[in-house]
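Note that the chains take the letters A, B, C and D in the order they are written out, and that residue 1 is the start of every chain.
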Amino acid sequence: MRKGVAITIFFVFLALMCYLALQLHPFGEPPNKDMDQYFIDHAQEEVSANNVVTSIVFDYRGFDTLGEATVLFTAVAGTVAVLRSFRFKDKLAVKKLILMDKDMSVIVRTISNILAPIILTFGLYIILHGHLTPGGGFQGGAVIATGIALLIVANAPSKVKRMISKDLLNAAESLGALGFLGMAFLGLFSATFFFNAIANSGFLFGDKTPLGINYGNLNTGGTLPYMNIFVGIKVLAGLGAIVLVLYLLAKGGEEE
Amino acid sequence: MLNTGFGYWEPIIFALTFLLLGCIAYFIYIRGNPKHKKVGEQLKPFLSGNPEPAKELVHIRGRHIYWGFKEAFAPVYRKLDEMHDGDVRNYMLWFFGILVILMLIFLGGM
Amino acid sequence: MINWEIVVQNFPFLVVGILMAIGVYTVTMKRNLIKIVIGVEIIESAVNLFLITLGYVEGAYAPIYTMAPKAAENNMVLPTPQALTLTAIVIGLAVTALMLALAINIYRHYGSLDVRVARRLRE
Amino acid sequence: MMDISQHYPALIIAIPLFAAFLCPLFKERIKALATLAILALLATLIFVVLLAGQVYTSVAPITYTYGSSSPGLTLPSGYHVPVRIIFEIDGLSILMALITVILALVGAIYAYSSIKDESGKGKFFALLLLLTVGALGMVLTGDIFNLFVFLEISSIAGAALVAYYNYRGEANEAAFKYITVSSVGGVLVLFAIGILYSEYDLLNIAALGNAISTTGLSTLDLFALALFVGAFAMKAGTFPMHMWLPDAYGEAPAAVNPPLIASTQASLYALLRVTYIMYGGAVFNYTTLGWVLIVLGVFSMIFGVLMALKQNDIKRFIGYTAVSQVGYMLVPFGVGLSTIGDDVAFGTYGITALQAGLFHMINDAIYMGMLFMVVGCVYHATGKRNMEELGGLARNMPLTAIFFMIGGAAVSGVPPFNGFASKIMIYESIYNFHPLLSIIAIVVSIITLGAYVKAFQGIFLGPKLKEFENVEEAPTSMLVSIAVLAALVIVFGLMPSLVVKTIIAPAANALVNPYGYYAGVLGGV
């Protein structure tokens, strides 16, 4: 009975989705590009960024990105809160995780020690060049977080706890989020919330970008590079905290 | 005064009327027999001569209330219990079912 | 009756629809909580793919001016869907992290990841 | 140099967000955390009230353009579509924002005593503030994708808070169900946004509405509408997509219930925004859409209250009555929507139904928040939540019992409390649309009263039980926060006409004037 209903719904849904796909505009020929043409035409002079996507992410729709950073912050806070240590109060609880305080093999540790600095450098590059090339704070932060994750999973929980503390990561995350919010507030004092106050002002990262296709000037972008850096800190700390909490939990060495 | 289009509702008048009626009720209450004794046999309930059980034993718990109503609606409740089986997949199934029905209604009916 | 040219041209959109339906199947039929998380992820990926395909313009270049080829001038794909997808991916990541954390806790309490076990709340 | 009065919309979001980012740094210091949260929410409340003054005195909706060189510059000079994120605040938005902030503030005051003995307090207050930010952003924004982002913030924060008592298996289970259902709903909203984007290349609600009304309704628009209606109705907790609601409400800490209710109401707001405003300018068959809402509403009413009647768990019981109250809002909204094409019917009862629905929406938020906190007090004092094990508590907790009585009377529509004021408006306006609807509403109201009598008897009446001899009245901060809402219940009940005239009527008028909303962004269209 239940299975039959589910299969029926699945097929009706599939049919509706296929019908929808055929109703959409032909692939590769958007019928209307009013808003996007504005971004392509004006991103360089208004935001002084070569990367149009980053200029949308951090300037035109910067408020969405604040929301996005908030979502990540919420998820980290939520995950850490949900996985905080507790004493079982209900009788049915049976599963206790076994403590496994062991390093991974020498090969893994050596390779991860060699790779981690390279990954960190690459992540920094992605963060700093977010307004010129593909990438930005989120992507770079995620890359750095993989480096941290590599270091975490290669070592024993007791060693990890000495290396990185959850409090440090939490504080770094709050700092990144507050810095991002602060950059948004900076605009409030000159025009509106999220106004790009530094672009074309001559301050650090405040140069004008040459219009049209160019080789890229790192010293452009206004608030974009600052926001990228803060978001990068936030993302690497947040993802690092999630990996750390999950790892310590899986190995049975959760923090009190 | 709240005008509902076909009548009105004035809570202040209602509250005043309520107070007035309360005063009248209280007036009748204080006119009662002052000689009524607050002690003795007459306070106990008469249970065909049987002794009165302890209060804790006759406490009616929440579950017992509306037993008749629940019995009368038993077939409905059986269906509803089946539906609320706590399986997260069924939650999704109801959601997608309604979604599909809505799509069909909207595409066909508008 | 079906216009096959459109079917071929809109194949990416069809893939999105099929992926979504697979996600629906996964969340309504699979019994393992982790598989349900995967099903939600499939639906999320389908929507992300949908957004990205919306921005595609035939023969156009990435919307980045740094060292772009000459032909890219005035011939770029729509940038907004890429920005939206970036946001949607991060949101999807956040949801997944929280769902997995909750699944871990359910396992610790109930000793199982079966949805038929994880239903103490009913009626 | 900077005129602060222009920036209220930005500050309303930024202040609680700032406080939320600070919260984890305080860790377990409950006093500092509660002070921070309460101060931030008080500041937000002040800004919301100031913004309300602006909204009620101005003719057009207030707009705030993020990142442009001046807040009122909705269109970049010389361009015909909005490109930035715009907050557009009309009477309805500000009504929802007011109620959201009040509920969050009350929840924060309540939390001070109620989570004293738990760990992870910093995270708790951060998540509480983030839940509020999510609901506030949803009701203030004028951008459909931004609405999706805030929807996700509120559902993730909500799910994490539902699982806050993580030593209870049921709490984790409820949170898992909640996040699964709401994330799929959110993703489908995003799908609908993508469909609309593909057609019009716009994300602003006003601009989209204008585009839909000028080009006419296409198949794609209807697909998007179905997805929006389904997802938002599910997030609002309508039958038969309500099953997550009693789970989540029942397992959440009582302090979180008021903001959770606010986020549910925000989803209902989004449903109204999409149906009345975004699709309001297009010519299509409103009656079908109206009847869809009415049918969903009637089912929610009847089955919600039937399930409530057999509940023995005190918090799930109130969760099911919340489902039934959602029906009371959907039915008048559906009636208003069905009559929107017919000027005579709309003038005589449609607008009253709409006002009644909006009035019931805020009344419901107030007394439901109050009732959840009252049963939270009972749980806090006794550690039990099954009516089977409770009884005779009125002797130990007289104030709690009185508050429960007020809340129960309000929810079941006993005069002179606020529930009656909005319900009489609902009965009389929907009677003209279809008498049967009115009869069902009245019968459900009676069963609700019966259910609350059962709960009151089960929890508070009966002889003094041995195991509850040492139970004490709830702490002051919990009682104060309940008293605030109880005062609102009584004030709204005694002065309904004033409330309707000052805050409800502007909201209803904003809702039926989609072109005014479009003009707020696009200029004189």
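Throughout what follows, contacts are C-beta pairs under 8 Å (C-beta built on N, C-alpha and C of every residue); 3 or more make two chains touch, one makes a residue touch a chain.
The structure displayed is predicted, hence computed values, not measured ones.
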Any chance you could check whether A-B or A-D wins on number of contacting C-beta pairs? A-D
Of the chains present, which has its C-alpha mean closest to the combined C-alpha mean? D
Just give me the whole-number Å value for how far the CA centre of subunit A lies from that of subunit B. 51
Whole-Å separation of chain centres (CA-atom averages), subunit C against subunit D: 29
Just give me the whole-number Å value for how far the CA centre of subunit B lies from that of subunit C. 47
Where subunit B touches two or more other chains at once, by residue number: 80, 84, 86, 88, 90, 92-93, 96, 99, 103
Spell out, as numbers or ranges, the residues of subunit A touching 2 or more other chains. 6, 9, 13, 16, 20, 24, 30, 33, 35-36, 39, 61, 64, 67-68, 71, 74-75, 78-79, 82-83, 88, 90, 92-93
Please output the residue numbers of subunit D that touch at least 2 other chains, ranges allowed. 145, 149, 152, 156, 159-160, 163, 166, 168-169, 172, 175-177, 180, 184, 188, 198, 201, 203, 219, 223, 247, 307, 310
Taking chains as nodes and touches as edges, what kind of graph is this: line, ring, star, complete or other? complete
List of subunit B residues in touch with subunit C within their complex: 80-81, 84-89, 92-93, 96
Would you mind writing out the residues of subunit A in touch with subunit C in their complex? 3, 6, 9-10, 13-14, 17-18, 20-22, 24, 26-30, 33, 35-36, 39-40, 43-44, 50-53, 56-57, 61, 64-65, 67-68, 71-72, 74-76, 78-79, 82-83, 88, 90, 92-97, 132-134, 138, 212-216, 242, 246, 249
The residues of subunit A that touch subunit B in their complex are 2, 5-6, 9, 12-13, 16
In their shared complex, subunit C is touched by residues of subunit D numbered 145, 149, 152, 156, 159-160, 163, 166, 168-170, 172-177, 179-180, 183-184, 186-188, 190-191, 194, 197-198, 201, 203, 246-247, 250-251, 307, 310, 316
Give every residue of subunit A touching subunit D within the complex, in rising order. 16, 20, 23-25, 30-36, 38-39, 42, 59-64, 66-68, 70-71, 73-75, 77-90, 92-93, 167, 170-171, 173-174, 177-178, 181, 184-185, 187-196
